[in-house]
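Next up: the structures, one after another.
Presented sequentially are two complexes of chain A, the first with chain B as partner and the second with chain C.
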Partner chain A sequence: MVSSNTTAGYGAGHDASVPKYSTGIAKVVNSALYRHTLGAAVESRIGRIILLAGVPLIWLIMLHVGPIYQMLKISLLSHYPVQPGVESNFTLDNYAIFFRESLYFTPLIKSFIFATAATAVTLVVVYPVAYYVAKIVKPEGRSKALLLLLVPFWAGELIRTFSVIMLLANRGAVNVLLREIGLIDRPIPMLYTSFSLGFGLVYLICLYMLLPLYSAIEKIPSQYLDAAADLGAGPFTRFRRIILPLSKDGIVSGCSLVFLTCIGVFATPMLLGGPTTVLFPETISGFFHGASDKWPVGAAFALIMLVTALITAGIFMRLVGGKKRSAF
Partner chain B sequence: MNNILVPNRRTALKMLGGGAAALAMPAVIRPTPGWAANGVLNITTYDKFLPQEFLDKFQKDTGIQVNIRLTDDQGKQYNLLTAEGANPSTDIVTVAGHRYSQFIASKLLQPLDTGKIPNWKNLNTAYQDAPWARVDNNLWGLPILAGYEGLARNVDYVKEAPSWEIMFDPQYKGQTSYIVSDFMTIVMQYLGHDGDFVSYVDKPDVAQKATNEARDFLIKHKDMVRKYYDAGSEVQQMFINEDIYLGHSWSGPAAKLIMDGHPIQLSVPKEGTFGFCYTLNVVNNAPNAENAYKLLDAVLASPEVGAAMTRQSGYSSTINGVGDLLNDREKLASTLPQEELERIVFFSSVNRDMKNEMIDRATAEVKAA
Partner chain C sequence: MRNMFADAPRTSLTAIYWAFLLYLLLPLTLMMAMSFKDANFVAFPIGEWTLDWYAKVMQDKQFLEACLYSVMIAACSTLAATTLGTWIAMLIVAEGIKGQIIIFALACLPAVVPGMISAISLRIFISTIDMPTGTAAIILGHTVHAVPFVVVMALTRLRSMPGNLVDAARDLGADSVVAFFRVTLPYLKPALVGGMIFCVLLSIDDFVRTFFLGGYRPTLPMLIFAKVQGGMSPEINAMATLVLVVTAAVGLYAEYLTRRARTR
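Right, the complex of A and B next:
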């Protein structure tokens, strides 16, 4: 509720509806500086909303836009960090290197293919789980079921990655089990392959798919499914004609989140991947860790990856998510 | 609820004040930065290089508070120090031999004044004025640990490894591992080239041809590799899990496995390898340089410190008398037969820029192939 007395004067002599302040605060609110700045701004509703929105906005700019701006700045320099006696100039060459040499193009393409495949697999694996929790589990048990699914995510990403190593290594749990029950004589090399990377990545990021899907499926009225069943629609038809279209929002959100996470993931491919699964983030990190002065190239490549990933996710959301209005 | 969504003046001011206070909190509660305080010493080093007991004793004896910042990569350390410029936040860095000249050329280190280190005499004479250590007529760091790039093998599966050739033997397909950039210089040696680029000064074409040959060789044998690794702990983990039977490894991580009782053997094949020292270096413009010298002197004060460093890191200590304090297994792990010892050539400080440039690019090409 907006106060009706906010335009009244402050301090002594005001009418009864005007707020009373202690002497110190009254001094501040009666000062010309306050009245002409903050005081004036909070007089109007719009001013108050702008001021309040400003605080989280500053936070966002500082922590999210700030580093990206800094990266952009570095990407346009010829040298960074600048060594003594070296001059750093403006250049676009760091971006040109990417388009000039296929050497760097290949890992980006690999990253996109891998992220797309991982997103598709995550969707296929997680969708039935989300459906089960949202529709099969009784309403009073859903919170508990969700909580159980979230338990592994209480541990950090690195710890979960190492747990995958312990599982898939030559002397890991899976190989030991297979050997103990006599199915194999020699360990199956599962770790440091595309399989281990895909397996680990799907495990690490499935939460980003689960929550949007659960949220979307849970909202589908059960009466729709009952009505369809009464009209003779089989399970597959009900899924294809009702559940899938109505959960499209969740699919689009989940796929976008998972794809954008996959494309930039760094530690997991380093720990679980093999010699043929070198992805673009690892190529970028090479510029920051390498012996030479290559931060600007790394920064330019990071921005190229960011922009192409956002464009891809945007196109996907437009193509898949955008059809919703015309379909319903 | 409505007050929050459509705030009145007082609510808006309260929320604004609260929000601003929350944003400012990290700056308010942040303690004085360690690097700016008196009586402190900031060290960037590898995990397990400086024993905790030694640090505790040093702090107790001198009243100097030691802050350790761990690093696992010379490049990261170099880039951070360069980015900090004339206002470094660390007083001592730990530089590996192959990066020694790069740190010096970039003016990141100050020349070492051995006169401020009374216990300098306790350093093994071989390291007191080693040719690789003296650059521009100055010494730049205190050598603390010595190592080499060796061929590690699981002796349960690989009995002999006289040559680097075994890394490309088809019977060990998918069971080898290496750091691409490091192993590429070894492969250059194996192919008969100069992996340290010393003889390639002013001969970029020859150097590029040799590098490309090693690069193509590694790409051709990419199927031999289980994983390209970066940190010593990774190769240790792969050996323990028996994911690999053979690997190019720095001597420290492999020796540590031997000390811990794993069936690993470390050797220097007939084609030779490269040796290096880790040095503790006082940073240029270090805010606590005097405290840094006190620590360097304390490191040399007792062979116990060197022995603890060897036990923790696996590398050989450069301090006199350490050998007498190690048990048989520790000695076995950190020593080599004389014949193999003679095959080690220490990294030179000559022609580093050319080497870094060519090896970095070839490394990216191998990984992308």
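Right, the complex of A and C next:
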């Protein structure tokens, strides 16, 4: 089936595009400039390799690895940016600062608590939804059911955070509604607390959990569930013994994705959090504003966060996922 | 009896789905509704409705400039990311090249690094190469952010491509470059169009990278952030609603395109 499809597709595309394409391409290919540069290059094996690998490798090394490497380098310097008359030495002091002062230690712990809690809540909330779309909705309706859930996803980090304010503010929808019903006399302060931050984080990231879970659950053959039911397994047993173990890949990649995203969220805590919910990204950002000689400390802190976050995600993958890994 | 129990999970799951959908849509709906409030403070109930805020936003020079600026940055970073992402994907599927797993891991690196850290490291990086903050730096940052997604999308499509297509082109006398532009690239097109729209949305939504790499000219998210911090007004709601409607429309269109490509 595959081959017949492709032959047909190729043939059709070929016939239709020959007259239009070939003149333009032929002009380029036959030009002296092409023949002496690219055309000559692809003649030899070395030329082909350079053409294929040159730009990608330079980009990957310069811009995917480079920034992390530079951050590491600067985190080990005593002064940066370099100023005249000040010598910049190698030092581990920037890392030591983190462990000396609880002022810095606490935000990281809070970041981890918020990210872990948000990941757990998201998993529990989104799992039944993903299961519903993947297994209970009929195949024809699935993409529609999924699409409805994806609409808010196009709103972006800032607009979604902003919309949470409409819900939770003192004169927001929830407080006004509760007062109308007569449950409260004065508004419950929900905004700028741990609650609003947690709510906002879950609202922001829950869709990152949906897609990995959905694709994992959708792959579970329905016959397994039917067979288990025939053998007398109730809904709970079927869930625990079949669905949960077989959707493990989705749980692992969904949770890692949500956790790593949550750790790096910057605008949401600044808009929804209060003075008691200063998270680590805000702490780090403080080193890059105003007095710029604190860059090395900021770089060191960013690396501490990166390494601890990746280790946490790694441990989680090992514990839950076992040997098999599926990032994409 | 048995049927009743069998149906209970189904009914409750349906209820959970709709409740979840309501949870997702409610804040955004409230935000949109507030943009029609005929008063200059944000509070429920809405009372009088008006379109004045939209009229005001459409005349707001700052907003229109931020829109143009965001679109320009999105267009540049998308073009760069699509080119680079496709190139990297071609390298990963190429025969006779070693270390493809490492190349793939490197390509995905920016997607694994949390946004805040990626932004900080890029800020440090541009200062080490003496590049000033501003438009070029933002474009660079958004490109780095988008490349992994293009690579993954292009790879998925490339892996489903029959190898004999390129072989046939070679037999007919095309060299590698011609074969790429005449056979591989047209085959990749649906994946790349979807990927490009995704990149545009990533760039327009991005806050943290722009925050650290940008200069004084605000992009859309920067402008909205500054306005929210400066005090609430239904004007911000009108702005956010306009942005939301446009990005959602673009997103839905991308969804439609990729679906059509899949069924063809």
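Just so it is clear, the second predicted complex is superposed on the first by the 250 of 328 C-alpha atoms of A that agree within 3 Å, B and C clash if a C-alpha of one lies under 4 Å from a C-alpha of the other, contacts with A are read in each partner's own complex, and residues count from 1 in each chain.
The criterion applied here is as follows: a residue touches a chain if its C-beta (ideal position, glycine included) is under 8 Å from a C-beta of that chain, and two chains touch if they have at least 3 such contacts.
Remember, predicted model here, so these are calculated numbers, not experimental data.
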Have a look at where A:P189 lands relative to chain B and chain C in the superposition and call it first, second, both or neither.
-> first
Which partner does A:L178 contact after superposing on A: first (chain B), second (chain C), both, neither?
-> neither
Looking at the overlay, what does A:A117 touch: chain B (first), chain C (second), both, or neither?
-> neither
Is A:A309 touching the first partner chain B, the second partner chain C, both, or neither of them?
-> second
Identify the partner contact of A:W59: answer first if only chain B is touched, second if only chain C is, both if each is, neither if none is.
-> both
Touched chain A residues, chain B compared with chain C = C
Examine A:I284 and indicate which partner it touches, taking first as chain B and second as chain C; both and neither are also allowed.
-> second
For chain A, give the residues common to its interface with chain B and its interface with chain C.
-> 2-3, 6, 38, 42-43, 48-49, 51-52, 55-56, 59, 81, 165, 169, 171-172, 270-271, 288, 295
In the complex, the residues of chain C that touch chain A are 5-6, 8-10, 13-14, 16-17, 20-21, 23-28, 30-31, 34, 42-45, 84, 87-88, 90-91, 94, 97, 103, 106-110, 112-125, 127-128, 140, 143-144, 147, 152, 162, 165, 168, 175-178, 181-182, 186, 201, 204-205, 207-208, 211-212, 221, 224-225, 228-229, 232, 236-237, 240, 243-244, 247-248, 250-252, 255, 259
Given the complex with chain A, which residues does chain B contribute to the contact?
-> 2-3, 6-10, 12-13, 15-16, 19-20, 23, 73-76, 78-79, 82-83, 85, 99, 102, 106-107, 174, 222, 225-228, 230, 234, 237, 240-243, 352, 356-357, 359-360, 363-365, 367-368
Show which residues of chain A lie in contact with chain B when the two form their complex.
-> 1-3, 6, 19, 38, 42-43, 45, 48-49, 51-52, 55-56, 58-59, 80-84, 103-104, 106-107, 165, 169-172, 187, 189, 191-192, 270-271, 273-276, 278, 282-283, 286, 288-295
Complex interface listing, chain A residues touching chain C | 2-3, 6, 10, 13, 17, 21, 25, 29, 38-39, 42-43, 48-49, 51-53, 55-57, 59-61, 63-68, 70-71, 74, 81, 125-126, 128-129, 131-133, 136, 143, 145, 147-160, 162-167, 169, 171-173, 176-177, 203, 206-207, 234-235, 260-261, 263-267, 270-271, 281, 284-285, 288, 295, 298-299, 302-303, 305-306, 309-310, 327-328
